[in-house]
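Accompanying notes for the structure given below.
Chain lettering (A, B, C, D, E, F, G, H, I, J, K and L) follows the sequence in which the chains are written, and residue indices restart at 1 in each chain.
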Amino acid sequence: MKDPVYKLIELTGTSTTSVEEAVDGAIKRANKTVKNLRWFEVIETRGSIEKGKVQHWQVTIKVGFAVED
Amino acid sequence: MKDPVYKLIELTGTSTTSVEEAVDGAIKRANKTVKNLRWFEVIETRGSIEKGKVQHWQVTIKVGFAVED
Amino acid sequence: MKDPVYKLIELTGTSTTSVEEAVDGAIKRANKTVKNLRWFEVIETRGSIEKGKVQHWQVTIKVGFAVED
Amino acid sequence: MKDPVYKLIELTGTSTTSVEEAVDGAIKRANKTVKNLRWFEVIETRGSIEKGKVQHWQVTIKVGFAVED
Amino acid sequence: MKDPVYKLIELTGTSTTSVEEAVDGAIKRANKTVKNLRWFEVIETRGSIEKGKVQHWQVTIKVGFAVED
Amino acid sequence: MKDPVYKLIELTGTSTTSVEEAVDGAIKRANKTVKNLRWFEVIETRGSIEKGKVQHWQVTIKVGFAVED
Amino acid sequence: MKDPVYKLIELTGTSTTSVEEAVDGAIKRANKTVKNLRWFEVIETRGSIEKGKVQHWQVTIKVGFAVED
Amino acid sequence: MKDPVYKLIELTGTSTTSVEEAVDGAIKRANKTVKNLRWFEVIETRGSIEKGKVQHWQVTIKVGFAVED
Amino acid sequence: MKDPVYKLIELTGTSTTSVEEAVDGAIKRANKTVKNLRWFEVIETRGSIEKGKVQHWQVTIKVGFAVED
Amino acid sequence: MKDPVYKLIELTGTSTTSVEEAVDGAIKRANKTVKNLRWFEVIETRGSIEKGKVQHWQVTIKVGFAVED
Amino acid sequence: MKDPVYKLIELTGTSTTSVEEAVDGAIKRANKTVKNLRWFEVIETRGSIEKGKVQHWQVTIKVGFAVED
Amino acid sequence: MKDPVYKLIELTGTSTTSVEEAVDGAIKRANKTVKNLRWFEVIETRGSIEKGKVQHWQVTIKVGFAVED
C-alpha cells in the first residue's frame, strides 16, 4: 500500500452563535464536494459587529483530506 | 467621500462560561464609549483556574471601529 | 516569603461538543495528579473529522501551577 | 438564509513595477475562474533580482470568496 | 531630562490606490488628535475586492508618539 | 508577455522512512493533476508513532505552480 | 457581580540603564492617567546606539487595566 | 467511554547523521518511561559544528501520549 | 557512546527586582529535582502591577537537561 | 557542477516616497559591493513621521546572492 | 578572560538529495572563509521542482561563530 | 542628499551577570570594526547552565548601522 497524501484547503465558516457552529458549517460545506475529510485546524477567529453586538463569528480553518490515488 | 480610517483597541473580556460570552462582554463594554464598532479578532485565549476548574475564561480581542472625521 | 516558581505542562483535551469542554477535560485530568493549578493558555485548536462531521475537538493548552518549595 | 462559507486560495502575483500591480494581477487572474471574490490578505512580499535591479515583485496573497450553496 | 515614554496606537488606513496612500491617510487622521507622532510600523496589509478588482487597500499600522509629561 | 501568476496548494506527504520521501510523494501526487510545478516550502513536520517508533513522517508543504493564461 | 473587562494599551518605556527601568518608567507614566493597572507583557526590546554604546533601552510593553463599569 | 486527554512533552534528540535519526532517538528514549506515545511535531532543528562539519544534529520535538485514566 | 537526548521543561520564575533574578529562581528550583541542567531559553516576560508599580516580574523559560540512560 | 550556496544579508532601504523605492535603494547599494544578487524578501516595513507626515519609509529586506566557489 | 561574542550569518545550502546534504554544503562553504564555526539553526526549508520532481533542496540556516578579539 | 541605507548584522553577546551586559559586549565588539552603529533589537535570550546556576547569558541582537556611500 502506498503512503497516503493529503490536501489541505482553507475555509472560513460563519455563525451568529458560536465558534463551534462556524466550524461545523465550513466542514459541512466542504463535505459536499470533497470526500475523505480527516482533520481541521483553527487558523483565525474573527467576527463582524453590528449595533454593538457580534453579528457573525468568522472562523478560518484548514481542512485536510486524503487524496485518492 | 474620503477613504475611511479605523482604530483598533485591545480588550480582554472574561466569562465563567464560554469564549463567546467573554467576547460578548468585551464588545458590550466597548460599545458604551465607542461608536461604529465594526469587527473583532481573537488574539489570545487564556483563563484562571480555581479548585481544579476554569474560574474565568479570559479572551483578548482587537476591536476595530470607524474613526469619524 | 520566597518568590513563587510555576511549572507549565502542555495537555490536549478532547470533546465531541465544544472547545470549552475539551479544556475542562484536560484541566480536570491535570487536577488528579497536580496541585495548585493556577492558569491556562490555549495553544492550538484542532479536531478530527468522521463522516463529514467534527468527531473530536482537540484543544491544546499550557497549564501553570505553583511548584511547592 | 444560511450562514455563508468562504474559501481562501493562495496566489503569487508578479509585477516589474509595484506591490499593488502584483496584487492586481493575481486578483484579475483569480476572477477569471472564481466568482464572488471578497477580500485578500498579503502573506509575503519577495522578488527576483537581475543585474542589480528588481526584476519581478512577487507578492503572495490569500484571496477569500463566497462559496455558493 | 527624564527618559521619554511613547504610546502606540493601532490604525487601519484605507485607499483605493496604494499601500502608501492608505498609511498616509491613517497618519493624517492620527495627527488631528495626537501630537508628537514619531514612527509607524506596518502590521497587516489586506483589502476588499469588488467586481474582481481591489476596492480598498486596508493597511494596519502601529503609530508611536511621545507622551508628554 | 504578461507577468506570470502562481497558485499555491498545501499538501501533506507521508513516508515511513524520511522527510525527503514524504515531500517527494506529495509532489509526485500533485504532478498527476497540476502542470508547471515550480517550487515548494516545508510548512510543518509531524509524525505518527506506533509501538514506540515513528510510523509515518507527515510533512506539510506548500507547492507553487504557474497558472496558465 | 459582573465579569470584569480589561483594556490593554501599548507603551514604549526608555532608560539609559536597564530593561527593568524602562518598563518601570512606562508603567509609572501610565499610572498618572489610568487607574487599576494589573499586568504587563514585554512585546519588544530595542535600543538606540550612540558612539558605540547603548544610548537608550526601548522596551515596548502591553499594560492591562480593569475597565470600570 | 470518556474523551481522551493527551500530554505533550518536549525532547531534543541528537544524531551525528540525520534529522530522522535524531527524532528516532528521542522517541526511543521517551518510550522507555512513557506508554501510549501517539504523535510528534518537529519544533526546531539546530546542530553543533566541530572542525567545520556538523557534529550533532539537534532536533527538538513535542511528543504526545494518551494519559491513562 | 550513544547520542544524548535532552528533555525541556517550562517554568515561570518570579522576582520583585529583575528579569535575571526571576530566571535564577526558576533554575534554582529546577535544580532541586532535576540533574544535568544545561541551557535555558526565555519564552515570555510578563509581570503583575500593584499600586502603579511592578509587583512581580514573571519570566517563563524552557530549561533543557540531559536525560540519563 | 557543485550545488550552489547562497548568502543572505539584511538591509534597510529608505525612501521619502514608496516601499518600492526603499527596496530599490537597498538593492542598488548592495550591488556596489556584492555580485550575483538573486532575490529579496521584505522582512519589515516601518517609517519615521515628521510634522504629521511620513518622512522616510524604512523597508528591511533580506537579499540573497550566490557565493562563488 | 572576556565574555565571548558570536556572529551569526545566514546561508542557503542546496542539494539534489537531502536536507542534511544541503546544510553540510553551506557549512563547508562557510568554513572556507570563517573560523570557529560553532552551531547552526535551520530557518527555512524550500526547494525547486523540475519535471514534477524535487530539483534542489534549499535549506536556509543561521551559522554562529566566535568573533576573535 | 541621498536616502540612507542601513545594514543589519546579528550578534550574540554573553555575560555571566545580566542581559544588559551581554548586549553591551556585543555592541562594543561590533564598534571595533563597524562605524555608524545606530540601533539594536533583541532577537533571542538564552543561556548556559553550570552546576545549577546560570553560567552565561546569551543574548542575540540585530545591530543596524548606516552604510556609507
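To be clear about the criterion, contacts are C-beta pairs under 8 Å (C-beta built on N, C-alpha and C of every residue); 3 or more make two chains touch, one makes a residue touch a chain.
Keep in mind that what you see is a predicted model, and the values were worked out from it rather than measured.
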* Asked: Any chains in contact with both chain J and chain L?
  -> K
* Between chain B and chain L, what's the gap in Å when you average each chain's C-alpha atoms? -> 38
* **Separation of chain C from chain G, taking each centre as the mean of its C-alpha atoms, in whole Å** => 30
* Structure fact -> Among chain F residues, those touching two or more other chains are 9-10, 18-19
* Every chain pair meeting the contact rule -> A-B, A-C, A-D, A-F, B-C, B-E, B-G, C-H, C-I, D-E, D-F, D-J, E-G, E-J, F-H, F-K, G-I, G-L, H-I, H-K, I-L, J-K, J-L, K-L
* **Interface residues, chain K side, partner chain H - complex** => 18-20, 23-24, 27-28, 30-31, 37-42, 63
* To do: Mind listing the chain K positions that touch chain F in their complex?
  => 17-19, 44-49, 52-54, 57
* Asked: chain K touches which residues of chain L in the complex?
  -> 9-16, 21-22, 25-26, 29, 56, 60
* Please give the residue numbers of chain B that touch chain E in the complex, ascending. => 2-10, 62, 64, 67, 69
